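Scroll down for the structure; my scribbles are underneath it.
Chain nomenclature is as follows: A, B, C, D and E, assigned in order of appearance, with residue numbering initiated at 1 for each chain independently.
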Amino acid sequence: MIWLIFAFGVWGLGWWVNTRLAAAPRTRVTGLVVPLIFGITLIAIWEGVVRGLEISPVLLPAPSMIAARFVASTDILWEDFVQTVIKGALSGYVLGCGSAFLVAILVDRYDFLRQGLLPVGNFVAALPVIGMAPILVMWFGFDWQSKAAVVVVMVFFPMLVNTVQGLADSSAMQRDLMRTYAAGYWATLLKLRLPAAMPFIFNGLKIASTLALIGAIVAEFFGSPIRGMGFRISTSVGQLALDLVWAEIVVAAVVGSAFYGIVALVERAVTFWHPSQRHS
Amino acid sequence: MIVEQLKDATEFHRVEPVISAKNLDLTFQTNDGPVHALKDVSLQIGKGEFVSFIGPSGCGKTTFLRCMADLEHPTSGEITVNGVSPEEARKARSYGYVFQAAGLYPWRTIGGNIRLPLEIMGYSKHDQAERVARVLELVELAGFEKKYPWQLSGGMQQRASIARALAFDADILLMDEPFGALDEIVRDHLNEQLLSLWARTEKTIAFVTHSIPEAVYLSTKIVVMSPRPGRITDVIESPLPKERPLDIRDTPEFLEVAHRVREGLRAGHLDD
Amino acid sequence: MLPVLTVVAGIFVIWYLASIWLNAAWAYDKATRSGEELGVVALVADTWSQEKPKLPAPHQVGVEIWDTTIEKKITSKRSLIYHSWITLSATLLGFALGTGLGIALAVGIVYNRTMDMSVMPWVIASQTIPILAIAPMIIVVLNAVGISGLLPKAMISMYLSFFPVVVGMVKGLRSPDAMQLDQMRTWNASPSQTFWRLRLPSSMPYLFTSLKIGMAASLVGAIVGELPTGAVAGLGARLLAGSYYGQTIQIWSALIMAAALAAALVAIIGLLQRVTLRRMGMA
Amino acid sequence: ADDVTLQLKWVTQAQFAGYYVALDKGFYEEEDLDVTINPGGPDIAPTQVLAGGGADVTVEWMPAALAAREKGLNMVNIAQPFKSSGMMLTCRKDAGVTSTDDFAGKTLGVWFFGNEFPFLSWMSKLDIPTDGSDNGVTVLKQGFNVDPLLQGQAACVSTMTYNEYWQVIDAGLTPDDLTVFKYEDQGVATLEDGLYALEENLEDPAFQDKMVRFVRASMKGWKYAEENPDEAAEIVLDNDASGAQTEEHQKRMMGEIAKLTAGSNGALDPADYERTVASLLSGGSDPVITKEPEGAWTHDITDAALN
Amino acid sequence: MIVEQLKDATEFHRVEPVISAKNLDLTFQTNDGPVHALKDVSLQIGKGEFVSFIGPSGCGKTTFLRCMADLEHPTSGEITVNGVSPEEARKARSYGYVFQAAGLYPWRTIGGNIRLPLEIMGYSKHDQAERVARVLELVELAGFEKKYPWQLSGGMQQRASIARALAFDADILLMDEPFGALDEIVRDHLNEQLLSLWARTEKTIAFVTHSIPEAVYLSTKIVVMSPRPGRITDVIESPLPKERPLDIRDTPEFLEVAHRVREGLRAGHLDD
């Protein structure tokens, strides 16, 4: 009961502090502190509820337990991180986004491909990963290569569709201007369409950044070496080591958010001119 | 009378028609029926002429300019630029175009925007810098080279877009209300600059404006249009000399031409 | 239409060639063990007709789909249509929940500074959690409090589909430019008037794009949700059972069916989009 | 009638024929029970479902149950319909495996998710490291099927006598192409497919009584299935909502399952239990369980049910 | 002289200052340093006055208008509208604002755009229809009610945006170069209309323009501004009567005021 009251108390306190902070002028510090307080509040509520309702650690461990496990297992977590994130997700991300970008430029260049490939592409994009993963594991073996392949498949189409849409996003007048200069294909591409497409391209890169991590982890459920975040999660669930499961999830969330954040930072630097970046 | 005028105009520059339109027609299809934007428009513009287009808003001035620039395709009729189709002329980079709205690229600074056509047309780095500096000076924007478009006032953006069209050497200048958002003083200044540039370089200029004095002051020929459907109602050859100090605007000849333009405009409005 | 047909034809050619290439190893393996010599024709014939091929040939998948849709009563447990329906119902419920949650969060983020600053990073973090890892826990927990059946699956569906809606709608609701918002200020429009008359209409293109992504995500969610409910029925169960028994043809036909389902749902949204945007004069 | 929810360890198949038969033939009804059978799957940990209250009783392997017990989940074996283990390691001869001495340097496919314990104790008994070092084996987390063996990605994969082994055979490999290591033969067999319930629930006499009736009806189902294997397989097929199982495979599976249940009347043989515990405790540096479990099984239910 | 003028202006309307600015300062922060857009701007506008703002482009006219409308917040200084803060005045729907660019909503027809503020302010359906028809007539766009903005020419869009601001009853009208893209005839017509509307309704109007004749013709008070930093250099009270036929523009008084404005403008440019 005490713990439940504690949970509600923290909730109220966190909300109050954040409202005050948000009302103050926005600075770099409040931009970081506010979500942090929000998160800490959530975690405190979690701790309070788990203790207050005496939820079995086999179902949902308390954050303190997860933290203890995290500290005790850094070597395992690091090994899994390298296997899943560095080898699987990152290589797949680079390969998938890179090839989607190039294909998008081809699709955009040749109308025939645009009309033919895009509808088919949309169809292929709808193939659920859960179904693709076992097949790709079968084709590319159980090590990280098949994980990268899953990531490639997952990120390819969001990136393709966004880039193609972005390349078509310049306004009529901007394009007319290029026409009056009799600018050739490449000049128009480099000086107008790519810059104009950047907001969309970054949209694609951001979506892909969360997909990449999920893809690499999910693929490990369908066969893997005995390391990797997906492997650890499924194995530990089977062993009821839920604290380790959540430690891995924490790693996934932190890495995923950081990945997303980095892409968003680069976006801010590249598309500083876009209205959505200017006033918020 | 109109017919005579047209014949006049047609004959006057038989030698070297830079732009020649014959019986142009253009209709836009919209959700509630077609809009007849240009009807039976014929006009010849000779080399080195300065032609102003004036007419009520919505009469098709922009549309006509866009036809010359190969940005719009007439529904029927014929138009040639430098003796070839607008498309070929465009590909030969025969003209600079100033749009009615500034249309600067938001990701480039003012300097970068002016440099854009120069980069595309392959001017040397050194040449680029030199030209950018020169035209920024011309439109009184020196010092704003590093600013982004949204940091400029409306008039400043418009001047930047004029500078962009002047930065490279095109024989033909197509300008759609370039001085609309400018105050009288800057406008006078730019009018003078434009005239001297024109005299110096012998460019052919097609110029849309709403100001009667401006049209009379600048032009060798004034084309009056009227709306729905857009057509040419009067073509006035200016009797003014090529040399035009600002105070020419107080001479009787000037006032007389201005009067005629005003009458033509008014007639167009009455049609309505 | 022609380009689509050409591309589809191209894909089929590549697919057939790929199935020769991928299945050849097993064909040779079998031949060596039985001491036979494989000619080209025999090889091609074998690779296109294996029972558990690495990559089934298109016609094998086609026949399987035909057998399990047209040839079976739709109430039969062996009918793909029956399984598609089960997945579809969870998808639609999850999609409705996800879209509702997504729009609600987006409105909160756009209108409430506290939410704007605190919620978004955590929404992003929530999406980096591998759903397959927590899906079983969600199901177990919901089961423990007595919720079972369609709803747990729909919750997972919702979890996957609300994210694209939040991201797209936040962007969309913020897409009116400064001048348009200034105008509303000069008229002293109330927040709800600004919402209904400016922000919402401007966000329409973003909304529909997000709905399309969200719909596809819902389907994936419904399929994921089917695995830890014992893979009892639904396309996910077919995928899993196929995978469990190495029946690649069954996997592929379930996959194609899922993709077709997604494509159809997305196409419906596309149609709605076109109608709406046309009525708004924006198309 | 009293409600009972049974959580299976895996998808609907003849491995669980006894329960489906009991349901279908009305044996549960006769005991005034209303039984719901929840199939499992690759993502379901029966131990977790039991902990979460999603089931009253679950089918689980003893190593996983004892490991969960050490984690603080007090599971108790209330009946043991399976006498012997069906677990094997199936290897390709052309990969160079004919005896346990050939394992070093090879890649072996293993099921995880709580099923890895028998393998790990076997390896530690053989003194073979599983970390991929030169004199050890490389372990690969095997997916749901035997692909790694067919594709040549692994020299051996885990199989059950009644299921995956036949998938290998169906795929075109012959028994002559294979070397098979049965855990029973290697002396590392652990108890599979027992019935487990929570200790705190069993303290309630009403629940105990429910379990007694449940076990009684279930064992009746198993006996019926052993005697009428084809009919049992049909019943299983009827209950498979995924529509993915084939008659041929289920009938064959039922035949193999009957061999494993033979010899058990449902009561746990304490000797088998001791053997399992010993095997799990002997795991060298990293044993599956660290101390002798207490109260991990009871004869109370079977005594009441079977006599 | 400036100081005197300001004092004059301050005293003149002591009775009812509708807008009163004291020592306004506004600085924008940009990537390459601050831009001082308004410096020490003080001005009083009385009820029923028609005040024109004129000055070189980029001198801060738009910025000043935006401060009155509570769209921009001065860095320092004080401004009141109707005796209360701009924010309160805005909330009381005290003014209509015409932006420098048309800013019509692309998903609404011309009629729908004009109806928008009426819907927001809760006018009855019948009242809405009646008002829309009336203002469309006023700006000569009758018949275009069902068209979408992108189907109109630049000038037509601007007229639609003027119509939108006139459709509801606000005591104060803030107009930022409303007639920039219009031809002389329409402009004359709208000038007359605006004057008669003003005379009829006793609205207070703040009006930005680049045209000296327009400023002189319309205003009771002309504010001349100069740039970098933007400040008021002259405030001219017009001696012209309230009743102003178009040909008042040829009277000596008119020309005299116009001359003074021109001189003020020129001085501002020389500063530069």
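Keep this in mind: contacts are C-beta pairs under 8 Å (C-beta built on N, C-alpha and C of every residue); 3 or more make two chains touch, one makes a residue touch a chain.
Since the model is a prediction, treat every value here as computed from it, not as a measurement.
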Spell out the chains that contact chain C while also contacting chain E. none
By the touch rule set out at the top, what is the minimum number of steps from chain D to chain E? 2
Can you give the shortest number of steps from chain A to chain C, where adjacent chains in the path must touch? 1
Tell me the chain pair with the top count of C-beta pairs in contact. A-C
Of all the chains, which has the CA centre nearest the overall CA centre? A
Using mean C-alpha positions as chain centres, tell me how far chain B is from chain D in Å, no decimals. 87
Chain centre separation in whole Å, for chain D relative to chain C (CA means): 34
What is the distance in Å between the mean C-alpha positions of chain B and chain E? 29
Mean-CA-position distance for chain E and chain A (Å): 49
Could you list the positions in chain C whose residues touch two or more of the other chains? 54, 132, 136-137, 140-141, 144, 227, 243, 281
Where chain E touches two or more other chains at once, the residues are 101, 148
Residue list for chain D, restricted to those that touch at least two other chains: 42-43, 45, 48, 52, 143-144, 147, 151
Chains touch in the following pairs A-B, A-C, A-D, B-E, C-D, C-E
Within their complex, chain A touches chain D through residues 56-59, 134, 137-138, 141-142, 220-226, 231, 234-235, 237-241
The residues of chain B that touch chain E in their complex are 28, 30-32, 35, 54-58, 62, 100-101, 140, 146-148, 151-156, 158-159, 177, 180-187, 210-212, 262, 265-266, 269, 272
Chain C-touching residues of chain E, taken from the complex the two chains share: 66, 69-71, 90-93, 95-97, 99, 101, 103, 105-109, 116-117, 119-121, 148
Chain A touches which residues of chain D in the complex? 42-43, 45, 47-48, 51-52, 64, 67-68, 71-73, 112-116, 130, 138-144, 147-148, 151, 153
Name, in rising order, each residue of chain C that touches chain A in their complex. 3-8, 11, 22, 54-55, 113-114, 116-122, 124-134, 136-137, 140-141, 144, 163-164, 167, 171, 174-175, 177-178, 213, 216, 219-220, 223-224, 227, 236, 239, 243, 248, 251-252, 254-255, 258-263, 266
